[in-house]
Amino acid sequence: MKKQVKIVTIGGGSSYTPELIEGFIRRYEELPIGEMWLVDVERGKEKLRIVSELAQRMWDASPYQVKVHTTLDRREALPGADFVTTQFRVGLLEARIKDERIPDLHGMLGQETNGAGGIFKAFRTIPVIGQIIDDMRELCPDAWLINFTNPSGMVTEAAIKKFGWKKTIGLCNVPTIAQMRESGNIGETEEELTYQFAGLNHFHWHKVTNRDGEDVTAEVLKHVNEKNGGTPVNIYQEPFPEELLDSMKMVPCGYHRYYFMQREMLEHSIQEFKKGGTRAEQMYQVEHELFELYAQPGLHEKPEQLGKRGGAYYSDAACECISAIYNDRHLRMTVSTENKGALPCLAPDSIVEVSSLISARGAEPIAWGEMPPAARGWLQLMKAMEECVIEAAITGDYGLALEAFTMNPLIESGKEGKRVLDELLVAHEKYLPQFAEKIQELKAAGVETDDEVVRELLRKGL
Amino acid sequence: MKKQVKIVTIGGGSSYTPELIEGFIRRYEELPIGEMWLVDVERGKEKLRIVSELAQRMWDASPYQVKVHTTLDRREALPGADFVTTQFRVGLLEARIKDERIPDLHGMLGQETNGAGGIFKAFRTIPVIGQIIDDMRELCPDAWLINFTNPSGMVTEAAIKKFGWKKTIGLCNVPTIAQMRESGNIGETEEELTYQFAGLNHFHWHKVTNRDGEDVTAEVLKHVNEKNGGTPVNIYQEPFPEELLDSMKMVPCGYHRYYFMQREMLEHSIQEFKKGGTRAEQMYQVEHELFELYAQPGLHEKPEQLGKRGGAYYSDAACECISAIYNDRHLRMTVSTENKGALPCLAPDSIVEVSSLISARGAEPIAWGEMPPAARGWLQLMKAMEECVIEAAITGDYGLALEAFTMNPLIESGKEGKRVLDELLVAHEKYLPQFAEKIQELKAAGVETDDEVVRELLRKGL
Amino acid sequence: MKKQVKIVTIGGGSSYTPELIEGFIRRYEELPIGEMWLVDVERGKEKLRIVSELAQRMWDASPYQVKVHTTLDRREALPGADFVTTQFRVGLLEARIKDERIPDLHGMLGQETNGAGGIFKAFRTIPVIGQIIDDMRELCPDAWLINFTNPSGMVTEAAIKKFGWKKTIGLCNVPTIAQMRESGNIGETEEELTYQFAGLNHFHWHKVTNRDGEDVTAEVLKHVNEKNGGTPVNIYQEPFPEELLDSMKMVPCGYHRYYFMQREMLEHSIQEFKKGGTRAEQMYQVEHELFELYAQPGLHEKPEQLGKRGGAYYSDAACECISAIYNDRHLRMTVSTENKGALPCLAPDSIVEVSSLISARGAEPIAWGEMPPAARGWLQLMKAMEECVIEAAITGDYGLALEAFTMNPLIESGKEGKRVLDELLVAHEKYLPQFAEKIQELKAAGVETDDEVVRELLRKGL
Amino acid sequence: MKKQVKIVTIGGGSSYTPELIEGFIRRYEELPIGEMWLVDVERGKEKLRIVSELAQRMWDASPYQVKVHTTLDRREALPGADFVTTQFRVGLLEARIKDERIPDLHGMLGQETNGAGGIFKAFRTIPVIGQIIDDMRELCPDAWLINFTNPSGMVTEAAIKKFGWKKTIGLCNVPTIAQMRESGNIGETEEELTYQFAGLNHFHWHKVTNRDGEDVTAEVLKHVNEKNGGTPVNIYQEPFPEELLDSMKMVPCGYHRYYFMQREMLEHSIQEFKKGGTRAEQMYQVEHELFELYAQPGLHEKPEQLGKRGGAYYSDAACECISAIYNDRHLRMTVSTENKGALPCLAPDSIVEVSSLISARGAEPIAWGEMPPAARGWLQLMKAMEECVIEAAITGDYGLALEAFTMNPLIESGKEGKRVLDELLVAHEKYLPQFAEKIQELKAAGVETDDEVVRELLRKGL
């Protein structure tokens, strides 16, 4: 019998943790957890306490004896870990509020994984991933890093290419959700269909065949614009132009809406902002309610409400991936991993999000072949932008950050875009030591945001 | 002694023809012209008459005996041609007015070689280039096609890759102007410096070294934002952010302004539009004045005014290129030609605009090597977009046209962008037989532009 | 329930057919065969009769009712076929004798799938595959072509790239045998290990991991030189230099012996030849004995002797592959299929032999990533040679044939190699109509082989 | 006026130095030499004296005052150097004798730049180039390294890619000789023709056009097999098969004979060897006579005899290249330089030998585009082999050396090839410190060569 598994979850105080616990409980027979560690930072201490107590109650209500440990020092948790999962958010929800409000204020998309917000999430997260890997190298050199911190693709690329942790797999719930919904939409079960995904995290396409090998993508495309079309609930469901779908002959992911219907998505984002709340701020309330619920001593299962959030199925995907590795299952799953030629239009050492086989070997990407010109051009642009972002995240190179901003299709190029970059740098100062010098310079020049909410957060030292 | 040369100029009635004539006169000793044919269409008949008479007067005032022929049937002119130059504008200035006004009306950039306007110029021009090549194959199978009809890069790609005319070279005045201005700006003569250009037409970068081989690009970059920075006069001179220039370490071309300072360039375009005139409409007046001048029997040289236009040096570049081929000169010149690996980030059979050696062999591109990530991503996006445009131009595939529109950084994606596509299709119906079916469908659905100027043109059957 | 399957086997009179029948019988519950057609040529009529009668007896002895049809006209068999398997040998064993004897006579390797022999097998086979595909296009446009006619990689490349039959999969028994033997050699079951193969048919490498994801390739390599090392029995078991194995860190396939220990393999080939028999001639006897056995009315199962031949497991691999397609099994199997980037050092549209998933979608190659320099160089050379061979096979271009001969590492370049080419062309005249003109020219110049056995065959009109 | 130039020649005692001096004298007006240093090793001291005295006499007989310095310590010579030329031979002629005799003894090609000999020349030379570059980095950080030590391509790749000296240009006389001879053969002057070369050092092809741009390659090919076909005199002139030339449609270089007519070239090599002398040994005598001549105080010009050797025009090419850099001439010349995409079938950072423009910027390769399959495969194989050789030369990795030997088309794979590797390692022990450990092991196992000449050299400590 294989040995019991030690799991360490960085960002363990997240409201999504109960989904993770539930996933592990459901799979206990195939994936015997020995020990579970939830790690968080000082500011997340209270949430960590609430979540870990719920987690323990969930295990206790199960047939299995698993102890949930907590710590604010990841070095205490890591020794001997088999799997380290990362689901932390540097700067917590307040950072997301800044990522969303500042672009909106300047008439650009305020969104946490795309556009300016996504770039800044990468700037804050990548250095921390580097530190976690430093610790892993020392304390659990054989562990797998299962990342679902966004922007998952860039974080995974940094982990593998820059920090050299080959045993990293990046996860996302977008492919999961698409598969669940689309099969139902065309009257098939998920098992009857084969999905092939290829592209980048939050920027991929897929094709679908049925069990006779017939391409049913066109049929799936007919339902993409429906309410249950397969797009995560956190994305505004502006319909794709039908002629575009017909011409692509591949199903775009939900996030493509930001790129293909930019004006509509932008208008919606600004409208929300003006109505007084970005998505991040709505989350405040949702999170608050969830934690109230979690704190109830009578609760010992994942509450239903959690499943309605944009991040649903993320944690379950993580459990599934971990089990597939542990059990050498050769499971077909869409993950962020090294390209290895699967998408010949990108470099073999780039990280891509593609259908892969997950086994004890890790992820083996399934070769997709050449993309049609439009998708190829989009992917090459986005990957180049990602490379600039990752390099800037590590070096603090302002010029590269500006190049990334200039290329990013969701950020207006020119003075206003640069202004957004500068305001975000100043607003996130606390979490961007690599840019310290430039931020001082900007502050000396009087750069600060006019957004009242952000100013208030800064006044509070957040 | 080599044989005398026969030149055929398609679009001979252009106001730029006198520059071409001047160029040939100045080079007569090295490039002995035997015969010159100016070809135009029925609607350009009067201009053709005026220009050809001026051309003949110019030759007559020179020491050389050259007869300028005119015809409205290119098949009369082509037999035995050594060089065919193309400088025609399908639909004349009225088509440009539509290309510029309709996007402007919808809050997008109105410009004739970039964005929506550039795509439609390709849609109208590429099929005609195909017809010209069909005629050349039959009537002058050894002739060189020297194209300076815009969008020069896409037209050249269509000519070489799609219509198979390998002996095509695409020209542009942008590199010429940069070289002239920049050398002066850093206190050097043009001869002292070596320029290496690489990229796509209206989307390239260059580096500069001095005669000691030292890279003086940084010095050149210091002057790029100056009035005489090297950008053609027809482009609004919004300054590039200095940090962007420093980070790129290459000189962007003037047209990069549209991509790197999009909001400012857009605002300027809309402002002009609201002030009552796109650039095309200003050209009406300029052209009118030029032709009045040309018609004066006393004029027998290229008038100075011509040199102040955006298209200056185009024709001179053509003369230089033709002479370099004829005299096997191995002249270093920046042209649109087959990539052949010069830019490894693009396919070897793509057309690129790079420093090349021009000789009797045609253009031999000088290998540039790998581009830094941002430039690489931009180029790959733009080339992919060009491929969609060219394919749509030939097949009339609406879906591909929409994909090109969606990718193009200067066109807003979503309903509004699609609306611009549809209005332009309807507005250019006369010159877009390949899209006839779709245009009928759009018209049946009531698509028409609200722009009064364009509506007036359409009412006049233009 | 899925419909019953119609199988057509071209070259049905082969001595390997009983293995195929056995494979289908064993899988009947998952792969319900409705009809089975064995097709062969006039010269193979008698063998076809014997084999088909045995086949029918085998089915009759099984619990299943399947009718075995025979025909000498494939057009009679093809209509409505679901799977067409190809296992024919153009020119029968006599052609193989020529392929082996003529190179041997000139001191070069005489082998039927590598070197000069392999090239000529391709020359004879590829045009016939083209004709079969023409018929399939007309008569069974939805059928899969499962090719195991050698040289399987080149034949598959011709079928997919040149004749456009995308639904082709090429099979080989070499990976099967390696997996069976190697697992045992290191004390594991085949199921415990994961094999990843990549390369070309008869020229690939693989790596092995155990169920904990640990790379056990080094351990496998320790046994490669053993009697049961995993190399097919028809290859002389000259040991690989240990330092070479250690340096490669991948397991070479058995056929690499010809390339890595060329002198030893050559000497063995010549020795056999001098002892009076190439492998082909030994096969004569073996085949004779097998058919005597097959003809016995009491036999109604695959005789044991068949399993000891070099081609064992080929047919079983075919059954497995067909079942995986029919049942949409997503089975991991090593096949010849379109690269699609799986090996980034080769073109995406090249055919490669790689670990793939076999399902109703056909073969999906698993991306391997970059090869180390030596393996990369070898593969690129061999693929380039294959391209020349395939092109020459279709066009009859003698210059390309000579280029292929000159590149092929197993053929000496220079006059002697060219002589081998010429003698083989003349010797195979009957099956090489595409080279007819050149062969006439060679014959006029007096080219004929000195090999007495081959001369005797030619005298007999074989 | 530009400053005077300081030249340092490593291996200054070479018999080719007078050609270099002559070249500098002839170009003095355009390339004013201030100082000239000839550097050599202790064992070459006497030759250095003789050559340097002749060199000084040559300068003294010219109108120019140039002082020729000598030193056995390159660190004395390097400070302030503008150009460092390398023409040294590690181990002198005795090393070449070993490179040639040992393979011959085992029935393989004995040649100093191809096959086993070329690989060992790389093993001895590359580490020394690394040391020279270390010194240059410290003492003359702006100098150009003009390498003509063979194998020039691999040495240049090591210098640029491995040791990071971007300002390196590799030279060879093969393209020079081809251009000189071929133009005459087709009745043209060299100036009338344009040559485009591409490939690797001693493994390239070229095409030729006339001043009308017409491809005259086919005409040139007609003369390739003639005595004056363009192949250096040191290569045995076995004719290429005509059908091969016709099929390639490019002119192969002289060294291709070893690969395309391997048996004939090998036989010739063995014959020479058996007749008692490899080329190296013939050189002994030639060198002896040359140095007797050089020592005559009355000689003050390059003696005619030198021009008849295989290495003729090497030094002149170096002078031409240096002058082109100094004078920023943009001279078209074939050199070894960074690929940068010029040959898309090889990596952009590989070193290739291609037609380039030589100016103060260094070498700018002219893009060639895609190679036909056969040439592509050959180049990719050879480059992969070079990569293994270079890596082994730096690291002393025996496995990689064996992989290179196994791939090299001129070395038989298997035991005998390995034996050649082992004997050469032992024979060259003195100059291969990187392989010291393995050599000890081989010696302990009793490996030594049977060649008497080599044994005698070893007994003498050479």
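Note that the chains take the letters A, B, C and D in the order they are written out, and that residue 1 is the start of every chain.
In the analysis below, a residue touches a chain if its C-beta (ideal position, glycine included) is under 8 Å from a C-beta of that chain, and two chains touch if they have at least 3 such contacts.
A quick map from chain label to UniProt name: A, B, C, D = 6-phospho-beta-glucosidase.
Model, not experiment: these values are computed from the prediction.
Trainee: Which chains does chain A (6-phospho-beta-glucosidase) share as contact partners with chain B (6-phospho-beta-glucosidase)?
Mentor: none
Trainee: Let me check something: if the centre of a chain is the mean of its CA atoms, which chain is farthest from chain B (6-phospho-beta-glucosidase)?
Mentor: C
Trainee: In angstrom, rounded to a whole number, how far apart do the mean CA points of chain A (6-phospho-beta-glucosidase) and chain C (6-phospho-beta-glucosidase) lie?
Mentor: 47
Trainee: Starting from the mean Cα coordinates of chain C (6-phospho-beta-glucosidase) and chain D (6-phospho-beta-glucosidase), work out the distance between those two points in Å.
Mentor: Inter-chain centre distance comes to 44 Å.
Trainee: Chain A (6-phospho-beta-glucosidase) to chain D (6-phospho-beta-glucosidase): how many Å between their CA centres?
Mentor: 55
Trainee: Residue numbers in chain D (6-phospho-beta-glucosidase) touching 2 or more other chains?
Mentor: As it turns out, chain D (6-phospho-beta-glucosidase) has no residue touching two or more other chains.
Trainee: If each chain is a dot and touching chains are joined, what shape do you get: line, ring, star, complete or other?
Mentor: ring
Trainee: Pairs of chains that touch, anyone?
Mentor: A-B, A-C, B-D, C-D
Trainee: Along chain C (6-phospho-beta-glucosidase), where are the residues that touch chain A (6-phospho-beta-glucosidase) in the complex?
Mentor: 194, 196, 209-214, 325, 328, 330, 332, 338-344, 348, 357, 359-362, 364-370
Trainee: Report the residues of chain A (6-phospho-beta-glucosidase) in contact with chain B (6-phospho-beta-glucosidase) in the complex, numbered from low to high.
Mentor: Contacts found on chain A (6-phospho-beta-glucosidase): 238, 241, 243-244, 246-248, 259-265, 373-374, 376-378, 380-385, 387-388, 391, 397-400, 402-404, 406-407, 409, 412-418.
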